[in-house]
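So that you can tell them apart, the chains are marked A, B, C and D in the order they are listed, and the count of residues begins at 1 in each.
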Amino acid sequence: MTLIEHLPVLVITIPILASLLILVAGWWDRRFCYPISLVTILSQFGAAVIILAQVMREGPIRYHLGGWAPPLGIELAIDSFNGFVLVTILLLAAATAVYARRSVEHEIGPEKTVSFYVLFQLLVTGLVGMTITGDIFNLYVFLEISSIAAYTLIASARKPRSYLASFNYLILGSIAGGFILIGTGNLYAATGALNMLDMARLLPASFELATVHAGFLFLVIGYSIKAAFFPLHIWLPDAYAESPSAVTILISTVMSKVSVYALLRIIFTIFTTAYIIDVFPVTGFILFIATVAMIAGAVLAIAQSDLKRMLAYSSVSQIGYIMFALGVANQVALEGGILHILGHAVMKGCLFMVAGLIIYRVGTSRLSDLEGIAKVMPISCAAFALAGASMIGIPPTIGFMSKYYLVLGALEAGHWAYAAILLLGSLLAVGYIWRFIEIAYFRGNRDGGHRARTLEAPASMLAPMVVLALLCLFLGIFVEGLMEIVGPAAALLLGGA
Amino acid sequence: MRKNVIIKTISRLSVPFIQVFALYVIVHGALGAGGGFQGGVVFAASFILMIIAFGLTCVRQRFSYRWIVALSALGITIYATIGLLCLIPGGSYLGYGSIETALGVPHLHGYLIDAVEVGIGITVMATMTSIIYDMSDRGGESS
Amino acid sequence: MKLKALLAVLFLGIILFWAVGDLPAFGDPEAPATQYTGELYIRSVLPDIGIENIVTAILASYRGFDTLGEVVVIFTAGISVALLLRRGGRL
Amino acid sequence: MIEPLYELFFARYNYWMAIILMLIGLYALIAKQNLVKKLIGLNIFQTAIFLFYISLGEVRGGTAPIYLPEGVDALYVNPLPHVLILTAIVVGVSVTAVGLSLIVRIHEEYGVIDEADLVQELRRR
């Protein structure tokens, strides 16, 4: 009983200890690393499900670390919104962990396995910490844990270009970290509090101060860099394309989602809708940038000649959809946005897994080299088609449901033009998804000879991919059950505290 | 490496003082200016001085990678385990007060803070040294 | 590159200059941060914890979780450097 | 006329110093071609932020936040920014360490650490 009570903190600290165990056990024998990592992440996932169930049953959990109540101490605050995000990210992390073993053997090399798994574990833990903390400075600390682990994991591909991609990400990520620190400092100067709910309580008194506006801008810009929101996405394509497959999956699905989560949390919980609509009206601007991001990301994705790079630009476009919900800022649109956090994580995870499998088997992800690949990798390409359908928004997939709610919300708020642009963005998604489908299924008849044998990857890599592909479908069909969590989460964001 | 008697002698003399000072800074954290980070960094500075004066190979013979990595893990383990121990008497994580009341020892809270600071100091010292080892291993010698 | 840098600097500068006017003056004892949490910590460390150094008390006890995170940050950096630079060995 | 100027510039000179340093750091971070100089810019930028935080906690006439012996009536500065910055310093050190080791690897792979040269190298390959 008491253990359940302490679950929010154990879900962070036990993995920290587990990462030390991976280090020590890996010193002894490298084969211990992977099982420990897998078991830890799976049990984290189990704990997250229990936490979410408890939140839905008994309301928000507030765990005071050290027994010190908020203005003095740090608290972990879990409500339906971040409980949902927590389960989402750990679901994807667990899928990635299952997938990682063969991919790591193939891409990292044996002498770096131990440190790879230690950092992998720390990255997941940092992201979990970011998700459930209720203190704005603690958020920064966990952000930096995950960022430093991510910089190195990107470079762990040990290709010359991956070092450059990692360095560029490090520079931009540090600028983002600096901005977040300045923004936090400005808010701290205005209120004296660091706890999010405490800050939300004190902030309305000083809404008119330029300090608060500056703090808002810095926090939003900083987290937008981390989330790769459109004009600030320049680090993303290289980082995604040059890192090892397992890392690409993790950072593209989990890390960008947690940054978006942090953005939503800061804007809606600390500043509240009253601030972004009446005091410092930015919703219109965010909506505009979000639609530009959708279109520009999709167009850039169509222009790519490499599968991983194409999917990376597609992420830029999809982050635009989530930010679209932020710009509309009403109940229905936010439901769509939160649903898209899960939906995009699942489908982009599946698509990058397919790309990773292709690299594992074929050794390249250049689209021109993949003609007729569907004949030798039928399961992977079918999974790509299913997840791609979800990306486009074909019913009854999860991608359709989230876009449906987004459009509905936009119409409700009277943004007819923006709703039309959103649909146009979906059409552009057909462009890049269809390109791969066409190359994989309908080309390459002329030299089918040398690929007679099936090249399907090992089961431990196929299984998580198939599960995610099926989830794209089933989450869409059984969306009613999800709405019972997403609905209250959206209401909670709009209601302020 | 060129023999340089003055540098070697001076570092041989000053390293113990630096290390004692580092320990003082760590342990003195609860009473005055000081703490685990500062002390850990000062301690690591003594290793850096040794590496500059005697060369990496000489230092590494005495403190191998293995020890350094084990120490950096040990520091976090001390910290996190003290945090977990606080759960046993029913307190929350890192709530040292619960152990103090459970055992009935006065000022235990302060001593636990000292223990935590020692953990921080060990990790910071070991990690800084490990980073210096890795960085000075590169360059001139090979490749 | 220079132009981009100048634009970024200009942008950052304008926001910061704009914010300065509303920040508390240097050393102002009436500043919200000092009045609210600062005073609270100074008053409660001695009865709550009983050690002299207020910074250490906050660091290790009130905000101990931040410090745990910070130790993990430096550990992460150590492992990162080992992954990037170390030749051979077990790591 | 003098009063608002005094209020903006001299009563808040600490922020101006921090802002100037931040801008210098950010400029170096983006404009410098040499990767090591970029990291130096990053360090200046971060240190400026630390200065900003620490000066937020200053109280006129206050002493360091370590309790003086009983009976001495003392005014202490705000301890919280010190704690936060202790954390942020460690983060800055860690990022610098990772950045430097990346530069070492880039130098080993390409033989140059200047962006213009790197672009040339990438084109050549």
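Keep in mind that, in the parts below, a contact is a pair of C-beta atoms (placed from the backbone, for glycine too) under 8 Å apart; a residue touches a chain by one contact, two chains touch by 3 or more.
Bear in mind the structure is a predicted one, so any value in this text is a computation, not a measurement.
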Show me the overlap between the contact partners of chain A and those of chain D. B, C
Once you count every C-beta pair in contact for both, which comes out on top, C-D or B-D? C-D
How many angstrom lie between the CA centroids of chain C and chain D, rounded to a whole number? 11
Rounded to the nearest whole Å, what is the centre-to-centre distance of chain A and chain C, using the mean of the C-alpha atoms as each centre? 26
Expressed in whole Å, how far the mean CA point of chain A lies from that of chain B is 36
Any chance you could list the residues of chain A touching two or more other chains? 13, 16, 23, 27, 65-66, 68, 137, 141, 144, 148, 151-152, 155, 182, 188-189, 194
Two or more other chains touching the same residue: where does that happen in chain D? 22, 26, 29, 56, 66, 80-81, 84, 86-87, 90-91, 94-95, 97-98, 101-102, 104-105
What positions in chain C touch 2 or more of the other chains? 16, 21, 23-24, 31, 33-34, 37-38, 41, 52-53, 55, 59, 61, 63-70, 72-78, 80-82, 84-85, 89, 91
Which label fits the chain touch graph of this model best, line, ring, star, complete or other? complete
In the complex of these two chains, what residues of chain C are touching chain B? 48-53, 55-57, 59-61, 64-65, 67-68, 71-72, 74-75, 77-78, 81-82, 84-87, 89, 91
Quick one: which bits of chain D touch chain A in the complex? Just the residue numbers, please. 22, 26, 29, 35, 38, 42, 45-46, 49, 52-53, 56, 80-81, 84, 87-88, 91, 94-95, 98-99, 102-103, 105-106, 109-110, 118, 122
For the complex, which residues does chain A have touching chain D? 137, 140-141, 144, 147-148, 151-152, 155, 160-161, 163-164, 166-167, 170-171, 174-175, 177-178, 181-182, 185, 188-189, 194
Which stretch or stretches of chain A touch chain C in the complex? 13, 16, 23, 26-27, 30, 65-66, 68, 71-74, 111-112, 114-116, 118-119, 122, 125-126, 129, 135, 137-138, 141-142, 144-145, 148-149, 151-152, 155-156, 182, 186, 188-194, 202, 206, 209-215, 217-218
Can you tell me which positions in chain D touch chain C when the two form their complex? 7-8, 11-16, 19, 22-23, 26-27, 29-31, 33, 55-62, 65-67, 75-84, 86-87, 90-91, 93-95, 97-98, 101-102, 104-105, 115
